[in-house]
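One chain, chain A, links the two complexes that follow: it is found with chain B in the first and with chain C in the second.
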Partner chain A sequence: MKRFHKLIALLAVLMMVFSLAACGNNSKSTVGTDTGESTDNTQSSGDAEATTDEASAPSDDLIVVGFSQVGAESDWRTANTESMKSTFSEANGYQLIFDDAQQKQENQIKAVRNFIQQDVDYIVIAPVTETGWDTVLQEAKEAGIPVIIVDRMIDVSDDSLFTAWVGSNFLQEGYNAVEWLAGYLDSKGRAEEPINIVTLQGTIGSSAQIGRTDGFAEKMAAYSNWTMLEKQTGEFTQSKGQEVMESFLKSYDDIDVVIAENDNMAFGAIDAIQAAGKTCGPDGDITIVSFDAVAAAFDAMIAGTMNVSIECNPLHGPRVAEIIQKLDAGETVDKLQYVEEGVFPAETAAEIKPTRAY
Partner chain B sequence: MSKMRYIAGRIMGYRLFLPLLCLAIVLLVNVVKTPSFFEITIRNGVLYGYIVDIMNRSSELVILSIGMTLVVAASGGTDISVGAVSAVSGAVAIFILGGGQTSTDFYHAPYLLGFLAAIAVGALLGAWNGFLVAKMKIQPMVATLILYTAGRGIAQLITEGQILYLRVDHFKQLGGFIPGIPLPTPVFVAILCILVTLLLLKKTALGMYIQTVGINSKAARLVGLNSTRIKFLTYAFCGLCSGIAGMIITSRVYSIDANNAGLNIELDAILAVALGGNNLGGGRFSLLGSVIGAVTIQALTTTLYAMKVSADQLYVYKAVVVILIVALQSAELKRMLKNLRVRVAVQTGKEVA
Partner chain C sequence: MNFRIKKLDSKQFLLLITIGLFLVMYLIGIMVFQDKNFGKLQVFLNLFISNAGLIVAATGMTMVIITGGIDISVGSVIAMTCMLLAWMMEIKGMNAILALIIVLVVGLVYGLVQGWLIAYLKIQPFIVTLAGLFFARGMTAVISTDMISIKNELFLTWANAKIYFPFGGAVNRKGVMVYPYLYPSVLLALITLVLFFVILKYTKFGRSVYAVGGNEQSALMMGVNIRRIKLKVYAVNGVLGTFAGFLFSLNTCAGFVEQAKGFEMEAIASSVIGGALLSGGVGNVFGSLFGVLIKGTIETFITFQGTLSSWWTKITIAVLLAFFIILQSVLTSRKVKHS
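Entry: the complex of A and B
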C-alpha cells in the first residue's frame, strides 16, 4: 500500500511538470525583427516572454506593426508567419510585434489591446474565429489605428472597423482546378472521353470547402463528358481522406480523377489507391488534383503520385506591406484583396520545390 | 411450440443478443442497397472488401472501448481524454523515432523504444486520470476534461505545432499490412487486446472486483476490496489502451497531426460502450458488448459511405440510427413492450371468454 502511495506521488509530480510546461507556452509576445528568425524560436520556450516591454518604446523612424497570428498548427501557418516576419523586418523599415495566440481568440483580443496600449501604427490580425471582434476593433478604431485582416474573414456589424482584408480566393482555386484538368485531359487526348470524378471535400461549411467545391462545380458544367460520381467529406485530414477513398474505390471501378480539397486528404487517397492495387499520378490510372501546394505535396509530385496541386498562397506579407505603404502615403486601398495563387503541375515540381518558402 | 419459444427466449435473453442484432441490422441494410458489400476478394495479395474495411477501421475504436468499458464499470464515469491521450502517445512515438524532424525516412531510434515509450506515456496519462478520480475523488468527466484539453496542447508542444512525418515502411505496418499476411495488422492488435483483457478479467478475480466496486464502492471497501486502487488501475489501463490506439492511428498515416489525431474518438468510444448494452452508471459490464458496439459504429460509417449518403447529411443519418439502437436497448422500451403484450393477452383472453 505504501509503495502505491509513493507511485501516485511520483506520478503527480511528473504531471505537474507536464502541466507547467504547457502553461509556460501561453500568450507570449516576441519582437521579431530578425529576418532569419524561424518560428521555432517563438514556439519552443517561454524565454520570449516579457520582451514586449522593449517594444513599448517604438523608435520613430520605423513603422510599428502588431501582428496577432492564430498559432502554428500547420506548415501553411508557419509559412504565413514567416512571410510576415521577413516582410516586416527592420531592414525594410518596420518593427514587428508578433503574438502567437495559440488558437485562442481571447489571446488575440488581449494581444490587440496590448498593441493599442503600445500605440502601434498598424494592427494585423489573422483571426481564429469570424465573430466576436466588434468591441476590440472599436477600441482600435477609437485609438485611430488601422486594422488589416489576413486569411480568414471576420464578421462585424460595421465594415469600417477594419481597413482591408487580404486572403485567398477559394472560388478562383476551384476554377483553376477545372482549367488545369481540362488542359491536361486535352493534352492526353482524352478531351472527348467520359471522365469520372470523385471529390474528397474539406470540413463541410469551411470557407475553403465551399469555395473549392462551388468553384469546381460551376466551371465543370461546361464539360458535358465529365461526371461527378460522388462527393464526400474527408474533413481535411489524411486518415479520413484515406478511409473515404477506400470506400470510393469499392463503389466505383472506373474513377479517372480524384479532387482532394487539400493535400493531406490527397496523401490519404494516394495510399488507398495504391493499397487497392491501382496507380495514380502522371503515369497512373487515376489523376490526382489537390489544393494548398504544401511542401509534402511537392514531394508527392516528384515521387510521381500526384498530378497537380493548386496553391493556397500563405505569403500575405508583401500584399499587407503594400497596403500599409499606401495607407502611410495617405492613399485609399481596396477593401478586399486576394493574393496571387499559382497552379503547380507535377512536371515542374522538381524545379519549383527549392524556390518554395513552405 | 413451447420448446421453440423456450429457445427463442434463451437467445433473446442472451446478454449480447441486442447488440448483435443491431450490428446485423446495420449490415443487412447493405444487402438491399449495396449487394457487393459482402464481397471479399484478394488484391495485391491481401483481402479486399467493405467487411475488411470495417474490421480494419474499427480496430482503434475497439481497443479504446475496451479501456472505456472498464473505466465505466468501475467508476460509473467516462474518460473523455482518450483521444487526446492517443495524440500524445502518437506524438511521443514519432518524435522519438523521427528524431523530432518534420519529415524523415529512417528511424532515429529503435522501433521498440518508440513503441514502448508511446504506450508508457499513455499509461502514465491514464494513471494521472486515475489519481484524480480514485484518490482525489474528482468527478470522472471533470478530471479527464483536464487532459482532454491539455493533452492536445502537450502533443502540440512535442510536435512544435507541426505535422511530423515518418516515412518508413516498417512504421506503416502496424496500421497497414505485414508482408505476406492478408489481414490488416490493426485487426490482430485489436483481437490480441481483447484476448489479453478477457484473460485478465476471467482468470483473475479482477473482473468481479471491478464490477463490485462499480455497483457499490463503499460496500466493496467494507468487504475488503481496495476500491481506490481498482478505479486507479482501470484508468491507467484505459490510458494504456489509448497509447496502443494512438500507435495505430499514427501508423496509418505515418505522421502525427496533434490537432486531428483521434479527434472526437472519445465520443465514439463512449457510444460503443453504450451500444454494447452496458450501463454507463457502472457495475455489471460486458467487454464483448462494447467490442460489438465499436464494430457497429464503424459498420454504420462504412455503410453510409457505401450508400453514397452526401457529406452534409451523414451526421443526421448517424444520429437517427444511434437513437434507434439506444432506444431499442432501453429497459423502458422493454417494459412498455411487455405491458403491451400483457394487455393484448388480456384483451384476447376476454374475447375468448
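Entry: the complex of A and C
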C-alpha cells in the first residue's frame, strides 16, 4: 500500500516537472519543419546555400539566432538584452533563442553547445569572461555557424573562431571625456588655469577600466596645466566610489575635476562631496565627469550635480542584425565594430532624457 | 525472509526511480523538441561533455556521503585547480603534465588535511569542508584575481582532441557534415566512475566504506579501522576534486576566481537524486551519474525551449531534491521500524 502512495507521489512530481518544461513551448516552434528542407537544398547547392535559401524562402522562414547573455546584473545589461529581444523578433524575420547564463561561463559553454545542436543560423555571445572560448567556438566553427561576440572582447588563440565583435570603444570614451573637458574649461575661461584631477577607476583589469583610463591619460598629455593627483579604484560601485572620494577630499583640498569611470561611482562621489560641505556640478566647485549615461545619470544632471556623462551604448541589437543581414547576403563584415556613442552634458540632459531607451 | 527482500529493494528502488526518471524525461524531451533535434545523438553526448567534471566530483561526493559525511569544498577546489593549472602553465611556463601532477598532489594534501581533521579530531565534516571552501576560494584569488587564459599547446591539444564516431553523421542547415563526437575528458570521467563502482562494490575498502556509513558501532566491532577509512575517503575525494577540476578546465581553458561557484551543491544534488542517503550507508556511483544526467537534461530542456528563464533549472532541481529526500526519509523510517 505504501509503495502505491509513493508511486502516486512520483507521478505527481514527474508531471510537474514536465509541465514546467513544456509549457512555454507550445507558443512557438516554427523552425522545425523547414530544417529538413534547407538540408536538402544545401546538399545540392553547396556553398551558395545561404543566398538561395533566402531567395526561395517563404515569409515564415525565420533566421534563427541563439543569444547567450551574461545575466541580468545591471540596468545596462537589461537594456542590452531588451535591445536584442526587440531586434530579433519574429516580426523582423528572426527567431531568437535566449539563454541567461547567470554569470557563469560554464553555463554559456553549455548553451552554445545546445545552440549548435539546434542548428541555429547564428550564435551571438555576450561573454561572461574573456577567456576559455577555444574549445566550444571550435565546435561552432566546425558546424559552420558564424559567431558574433558582443560587449566584452574574448581572448582566443585563433581569431577566426569568431566572425565579428560588436561593442563599445572604451578608449574612444576616454578621448571623448578629455575633449569635452577641454571644451568645457575653455568656455569657463579656465583653459590656462592649473586643473587638479582625481580619477575613480572601475574594477581593475576590466576592459572598461583599461580603455577609459588609458584613453584619458593619452589625450590629457596635451594639456600641461592638467595634473592627475591620484587614481584609485572604486570597483564600479556607489559605496566604494563614495569611500574613495572621501579619502581624496581629505588628502587634497583643491580638486577641480572628478573622473568617475561609471555613473554609480559618480553618485557615490557626489554624496561624498556634499557631505564634505562642497558643491559639484555645473554651478559647483568640482566638475564631475562620468561614464555610461544611464537614466539615473540624467536625473543627476537635471538636478545639477553632474556635469557630463559619456555614453556606453548597450543597444547592440540593430548593429548585430546589420552584420547578420550582410553575412546572410554573402558579404564580408568588419571584424571589430564599435557602436555609436554620444556625450551628454548637463545642459541638454532634460530634453534628451525622454528619448533614451535605458 | 520477507524483510530482507524489502530492505534490499529500498536501495535498488531509489536507483531505479532515478534511472526511470531520466529515461522518461529524455523521451519527453525528444517528443516535445522533435523539431529541434533533441533526439540527436550529439545532444545526448553533450550531457557528458559539459558535465565530465561534475561526474567525477559527484562520484567522490557519493563516496563521502556513503560514509555519512559531506564535502562542500569541491567547487572551490575546482576553481583553485583551474587557477593553479592556468597560473603554472601560463605565468610560470610549466609543462602541462607536470602541472597536472602537481594539482593532483595538491588535491591529495587538501583531502588528507580535511580527512585528518574529520577522522582524527572528530570535527563535523560540514565545518571542516566549509573552512576548506573558503580557503580554496581565497587561495584562488591570492594566486590571481585576473582571468588567466590557458594557451599551453599540449593542454589545448588535450582540450580540443575530439573522438569522432564513425557513424551517425548529419548535414546541418549550413550544409556541413558533422559526425557525433566526444572529448577524452568524457572517457576519463566514465573510467573513473566505473573504477569507483568496482572499488566500492568489490574491495575490502569499499565494503568498509559502506560499513562505516551504515553503522559506525557495528563497523568498529567488525574490526574496521573507522578513522583510517574516513581519512582515506577524504584523501581520495581530494584527488577526485582536483581531477574534476582538471576535466572542468579542459572544458573552459581558463582560470578565474568566480569559476564553479555552487558546484559542490550540484554534486551533492546529483548524489542525492542518484539515491545516496545523506545519513550514510547507502549510495551508488551509477546513481549519481544519472543524477548528473538529469540535471543536464533539465538544462538542455531550458536552452532548447529558448524563452524560459534559466533559473527554472534550479527550481526543477529543488523540486526533484525535495521529492528524493522525502522518499528517502520514508524508506529509512521504514527500515528503522523493521530492524
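The rule is short, and it goes like this: the second predicted complex is superposed on the first by the 298 of 358 C-alpha atoms of A that agree within 3 Å, B and C clash if a C-alpha of one lies under 4 Å from a C-alpha of the other, contacts with A are read in each partner's own complex, and residues count from 1 in each chain.
Criterion: a contact is a pair of C-beta atoms (placed from the backbone, for glycine too) under 8 Å apart; a residue touches a chain by one contact, two chains touch by 3 or more.
None of the values given here were measured: they were computed from a predicted structure.
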{"item": "Most chain A residues touched (candidates chain B, chain C)", "value": "C"}
{"item": "First, second, both or neither for A:118, with chain B first and chain C second", "value": "second"}
{"item": "Partner chain in contact with A:98 - chain B first, chain C second, else both or neither", "value": "second"}
{"item": "Chain B versus chain C as contact partner of A:110, first or second or both or neither", "value": "second"}
{"item": "Chain B versus chain C as contact partner of A:277, first or second or both or neither", "value": "first"}
{"item": "First (chain B), second (chain C), both or neither touched by A:231", "value": "first"}
{"item": "First, second, both or neither for A:138, with chain B first and chain C second", "value": "second"}
{"item": "Partner chain(s) touched by A:354 [first = chain B, second = chain C, both, neither]", "value": "neither"}
{"item": "Which of chain B and chain C A:330 touches, first, second, both or neither", "value": "neither"}
{"item": "Doubly contacted residues of chain A, that is, touched by chain B and again by chain C", "value": "14, 18, 21-22, 25, 43"}
{"item": "Residues of chain A touching chain B in the complex", "value": "1, 4, 8, 11-12, 14-15, 18-19, 21-22, 25, 40, 43-44, 71-75, 77-78, 201, 204, 230-233, 235-239, 242-244, 246-247, 250-251, 264, 267-268, 271, 275-277, 296, 299"}
{"item": "Of all residues in chain B, those that touch chain A in their complex", "value": "34, 36, 43-44, 46, 48-50, 53, 57, 102-103, 124, 127-128, 131, 135, 150, 153-154, 156-157, 160-163, 165, 176, 226, 229, 232, 249, 252-253, 255, 257, 259-261, 263, 302, 305-306, 308, 310-312, 314"}
{"item": "Chain C contact footprint on chain A (complex, rising order)", "value": "2, 6, 9-10, 13-14, 16-18, 20-22, 24-25, 27-29, 31-33, 35, 38-39, 42-43, 45-47, 49, 96-107, 109-111, 113-115, 117-119, 121, 129-135, 138, 142-145, 155, 157, 205"}
{"item": "Chain A contact footprint on chain C (complex, rising order)", "value": "17, 21, 24-25, 28-29, 32-37, 40, 42-43, 46, 49-50, 145-151, 156, 159-160, 171-176, 178, 183, 248, 250-254, 256, 258-261, 298-312, 315-316, 319-320, 323, 326-327, 330, 334"}
